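Notes follow once the structure below has been shown.
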Amino acid sequence: MSIVYTNPPRTAPEIVVCFTDLGVATVHEAQGRIGLMQPYMRPIYTGARAVGTAVTVSLAPADNWMLHVVVEQCQPGDIVIAAPTSFSDAGYFGELLATSLAARGVRGLVLEGGCRDVADLARMGFPVWSRAVSAQGTVKGTLGSINVPLVCAGQLVHPGALILADDDGVVVVARERAEAVLAASRAREEKEAKVRARLKGGEMGLDIYGMRDAVAQKGLTYRRYGT
Amino acid sequence: MSIVYTNPPRTAPEIVVCFTDLGVATVHEAQGRIGLMQPYMRPIYTGARAVGTAVTVSLAPADNWMLHVVVEQCQPGDIVIAAPTSFSDAGYFGELLATSLAARGVRGLVLEGGCRDVADLARMGFPVWSRAVSAQGTVKGTLGSINVPLVCAGQLVHPGALILADDDGVVVVARERAEAVLAASRAREEKEAKVRARLKGGEMGLDIYGMRDAVAQKGLTYRRYGT
Amino acid sequence: MSIVYTNPPRTAPEIVVCFTDLGVATVHEAQGRIGLMQPYMRPIYTGARAVGTAVTVSLAPADNWMLHVVVEQCQPGDIVIAAPTSFSDAGYFGELLATSLAARGVRGLVLEGGCRDVADLARMGFPVWSRAVSAQGTVKGTLGSINVPLVCAGQLVHPGALILADDDGVVVVARERAEAVLAASRAREEKEAKVRARLKGGEMGLDIYGMRDAVAQKGLTYRRYGT
Amino acid sequence: MSIVYTNPPRTAPEIVVCFTDLGVATVHEAQGRIGLMQPYMRPIYTGARAVGTAVTVSLAPADNWMLHVVVEQCQPGDIVIAAPTSFSDAGYFGELLATSLAARGVRGLVLEGGCRDVADLARMGFPVWSRAVSAQGTVKGTLGSINVPLVCAGQLVHPGALILADDDGVVVVARERAEAVLAASRAREEKEAKVRARLKGGEMGLDIYGMRDAVAQKGLTYRRYGT
Amino acid sequence: MSIVYTNPPRTAPEIVVCFTDLGVATVHEAQGRIGLMQPYMRPIYTGARAVGTAVTVSLAPADNWMLHVVVEQCQPGDIVIAAPTSFSDAGYFGELLATSLAARGVRGLVLEGGCRDVADLARMGFPVWSRAVSAQGTVKGTLGSINVPLVCAGQLVHPGALILADDDGVVVVARERAEAVLAASRAREEKEAKVRARLKGGEMGLDIYGMRDAVAQKGLTYRRYGT
Amino acid sequence: MSIVYTNPPRTAPEIVVCFTDLGVATVHEAQGRIGLMQPYMRPIYTGARAVGTAVTVSLAPADNWMLHVVVEQCQPGDIVIAAPTSFSDAGYFGELLATSLAARGVRGLVLEGGCRDVADLARMGFPVWSRAVSAQGTVKGTLGSINVPLVCAGQLVHPGALILADDDGVVVVARERAEAVLAASRAREEKEAKVRARLKGGEMGLDIYGMRDAVAQKGLTYRRYGT
């Protein structure tokens, strides 16, 4: 059955906005190393970055019909997460659909499939993370569903979840945990800022993190090369 | 037998020039979704773009001898399409060969293999679409053929065919069909320009393309999330 | 047994500096087509380039503990070569470790694994060549070894070897051979400069390299297309 | 947090047993083409086949500690579904663990990772579906969780779900739907048996499925070759 | 346009039958190392082997409608060669279609896509060479064409061509060249039989092929290990 | 320079023979998890197994000349380890070369490349571990070297090393360590035999290995599902 769930609860915008300066790696660590999509999910241009709330789209393979349907379900601040039910790297998404999503205030797309018009999308500044780049078109013959739980690049995504994507990849934060993950991420950032300053000054992690005892206990031996 | 066919009929330059502003995705759609090379064929630098007429080169694997031979067969406006008879991703092509092709007015290279000196090629603005980047050299020991029909990245390419390549990939247009494909591509562009303007204004494809009836007929159900 | 060999003999800095303007492809050719890492080893940003002396690190899979330990073993002008004992593309390396290595004068990293914080690393200008980009963190639970001979991307690397890396890939030059390879590379560069000038002037490799006799002897046939 | 959920509700054994003669392709079709794991999940020997109830195990990458812990949570008729939180194709599972699982009545393993001792496992008749074969060992350093919802090869698996695996791959059937899927699968089998008999008799699907009108309406043209 | 070309001229059966005992590697060599499909085209079971005449089918991606249509176009001794216009490894073919093709006397299938019911197909002895095994079903929504020239696994296949497939892969022999290739293959077989007998007797290829002079001329040096 | 080193010291036959019943996974563990080739190195038929001493061959890409030269350097009990200097998966090895190696008493081949005639090789019982199966032929135009240290599938192999290969992959044991590794492997086997007996009797690794305390200390929580 094909179904569109409308208006799922979304992560609160005042929380989402606080993730603006955080990196994917930091947030992934801060939430206990969960929620990271597989590394084949790559931005179509260098420096792409987006944070927003998930609207999920389940597609038929090589069929982008539901990407037209999803536009209406989007609000400013959303990021569309789309995956076909069977793997096909056809080019589901291009400049026209991006124009339509941008007009709705959508901040980006994460796509388990191929993307086309990538030069146009880079010019527009509409970021896409995808498995592939492909000019191969798709059909509009089979429906899918919107705002259902969706597995995309190895992660389960619920509608309304917070999505953060940058050059390192894409991380999913559950709506219920977003505030806690934000706090943990900030704490991590602060700690890292202090460590960074000391590393710049020439101190080493071996000393800052107190690793010398640990490596000695595990039996690390230092020996002059050639002896 | 190794053979060089000289002076194959080429797509007329006055037609080729009209493809200058068209995208690979558009032309591929306009000619009925045929002629697109497989998506592993990627430009070596972002923003690469070329349109021209095919000169085909069949190479021995890990042997770039025929790339030296093909220079003489090229005219201004050509694009070289090269593929080894057996797959090998060695680095068949670099800056010296590019200098020579550029001196002949060649506009680019599509290579079923590896390319090297990519920083130099980007500086020169000589675009290459290839399977791989590799500094591994090749030998000059076995001949091949020039201007024979060639399978490259899953597409059959005849010499003289129109080749269009950009960030989305590479599309092949048969010489005999180039004029008709041009007309179809322009019609598509004009139609898309109108749709783009409406999408920017906030209209949705669901309405522009009249999809509401179709999705209803197929049984798409809208339901408030959580109910 | 986990062991850190300290102060291996390194390729002399006055030799290393002379490789600054040479390309990976040229050096690889000049030393007889050996020492080139497999082509999956790619820079995390376009235009990355580094030359220096190898400090090798053998890691446990998905464990970056030894990357903290190696900092202390590095001198200005070093390049770290790191590989896990079992393949895992987790994200072993990010901006904090790069800050620490940069503070020691390290020029880059070659990593048989995943790298994260790639936007930060590009901003810092700290070049990394890696198999993958991944935000997935690693643990610090198992020791490895430093300055042992290491297989990385298909090449055996001894500590102190000269490493040259650019957009084309990574090449390893044995310390004992570095001076000879430098001479051979320069000779090659000079010869190529002369050929380049002639190619720009419109001469063809067929004539410059005297290939016409060779292709004729091998039986290459020229025939007018369509006849 | 690492947690072991004990005694999840399982699909009823009297339903599971009825799937014994059904194929993965049939069940996947019958439940509406959902639940199929990605095709890289392959049996380690030809003819492998298993049906049972899922016990899920979330592992640390390259760490098989929880595979030892899970043994105690298994009942006769279970199939273990195991995936690391980060992709690593080390060899998590071999003959000793299989001996232990077999002693508990476990019917097989589906593993997002590498398997070893495959000749021994084939001899024992203990079927494993895995991404890879690898003799590389793992450590026992980091805990994971048992009987949590788990994404394995692109499918979300809940503990207690019905798992059916054969040479074609692995399909997951939700516990709540197992009875309905069984009925649909049987109906499909019966229908296919009738069609098979007619196809063997020389009738064609074109006629049996009444496709002649459909292809004519879509405009399929028949033309004598060469005319 | 979708078109079915009927009754293409086929390689004569009295020639086809003579290829029964020849291997793919031998025929590929004998026809001058052309016509070999890419090595990802693998048999679904060990020991699969087929020789026959090509009936080609161009499919829409993830759509197997034309595999139903092609049955009627097949004669005893044919091998179906099928490829989608865009790459999709869904499961296009299974036991029911095989039953139908077998009833028409078809000897096998070469499929640029996924195959399912592989245990059933092995039992039936219906050989398939495919890119993938997948239980994922396909739709019947878009037509394609039959007996058009088709690129499959990197080779151009004309209807009526001779197809030979075994554990080593798939080779295509043009209808017009089949008789000449047969003669060349037999000559090669006879020569190899003589060489084989001598090799079994302990003679070495170095002597049989007279390679000692060639390696010496190229400068091969023999040196006692350790000196 | 191309060089053949003759008569390298080999692991003693009385040690080699003792590895006959050991598995690759066991030996790899016993020598401290080193020496395992990458898992893409797979046997061409199920049940393949070989143990012997390495004769190494460095090949030019897509050139199998040195495989003819190596025959003469082989003694009964050897295993040939061959890798091209640049990656090419052409079919370097087939039934004729196997006949010649078998006549010299060679026990198998490990090949960083493609193998052909695999049905014949299976019939002969001549085991090959390779990256690929390919019927594509190679040339005999460029020399290589024999009994030089060689990187194959990620492992450095010295001539005379002990090679053990089975369905799990290929492991390399240094000649100097072979006796110690044998002792460690046997100790491991004995220990595993005792564990196996207890596991068969229904005891669990949790108890046998005394893991209960460790998991408790790390904080593993058991909770009834649904609470």
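Letters are used for the chains, namely A, B, C, D, E and F, taken in the order the chains are written, and counting of residues starts over at 1 for each.
Operating definition for what follows: a residue touches a chain if its C-beta (ideal position, glycine included) is under 8 Å from a C-beta of that chain, and two chains touch if they have at least 3 such contacts.
Here the structure is a predicted model, which means the values were calculated and not measured.
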| item | value |
| --- | --- |
| Those chains which touch subunit D and also touch subunit A | C, E |
| Interface residue identity across copies subunit E, subunit F - same or different by half | different |
| Inter-chain centre distance, subunit B versus subunit F - centres from mean C-alpha coordinates, in Å | 43 |
| Centroid distance [mean C-alpha coordinates] between subunit E and subunit C, Å | 41 |
| Centroid distance [mean C-alpha coordinates] between subunit B and subunit A, Å | 31 |
| In subunit B, residues with contacts to at least two other chains | 33, 36, 46, 86-87, 89, 136 |
| Touch-based graph of the chains, sorted into line, ring, star, complete or other | other |
| Chain pairs that touch, as defined at the top of this document | A-B, A-C, A-D, A-E, B-C, B-E, B-F, C-D, C-F, D-E, D-F, E-F |
| For the subunit D and subunit C complex, residues of the former touching the latter | 60-62, 86-90, 136, 139, 141-142 |
| Residues of subunit E touching subunit D in the complex | 1-9, 45-46, 65, 68-69, 71-72, 89, 91, 94-97, 99-100, 103-104, 114, 116-120, 122, 132-137, 140, 142-143, 147, 159 |
| Complex contacts: residues of subunit F adjacent to subunit C | 33-34, 36, 38, 85-87, 149, 151, 154-156 |
| Subunit D partner contacts - residues on subunit F that touch it in the complex | 23-25, 28-29, 33, 36, 39, 42, 46-47, 49, 166-169, 171, 192, 195-196, 199-202, 204-206, 209, 211, 214-215, 218-226 |
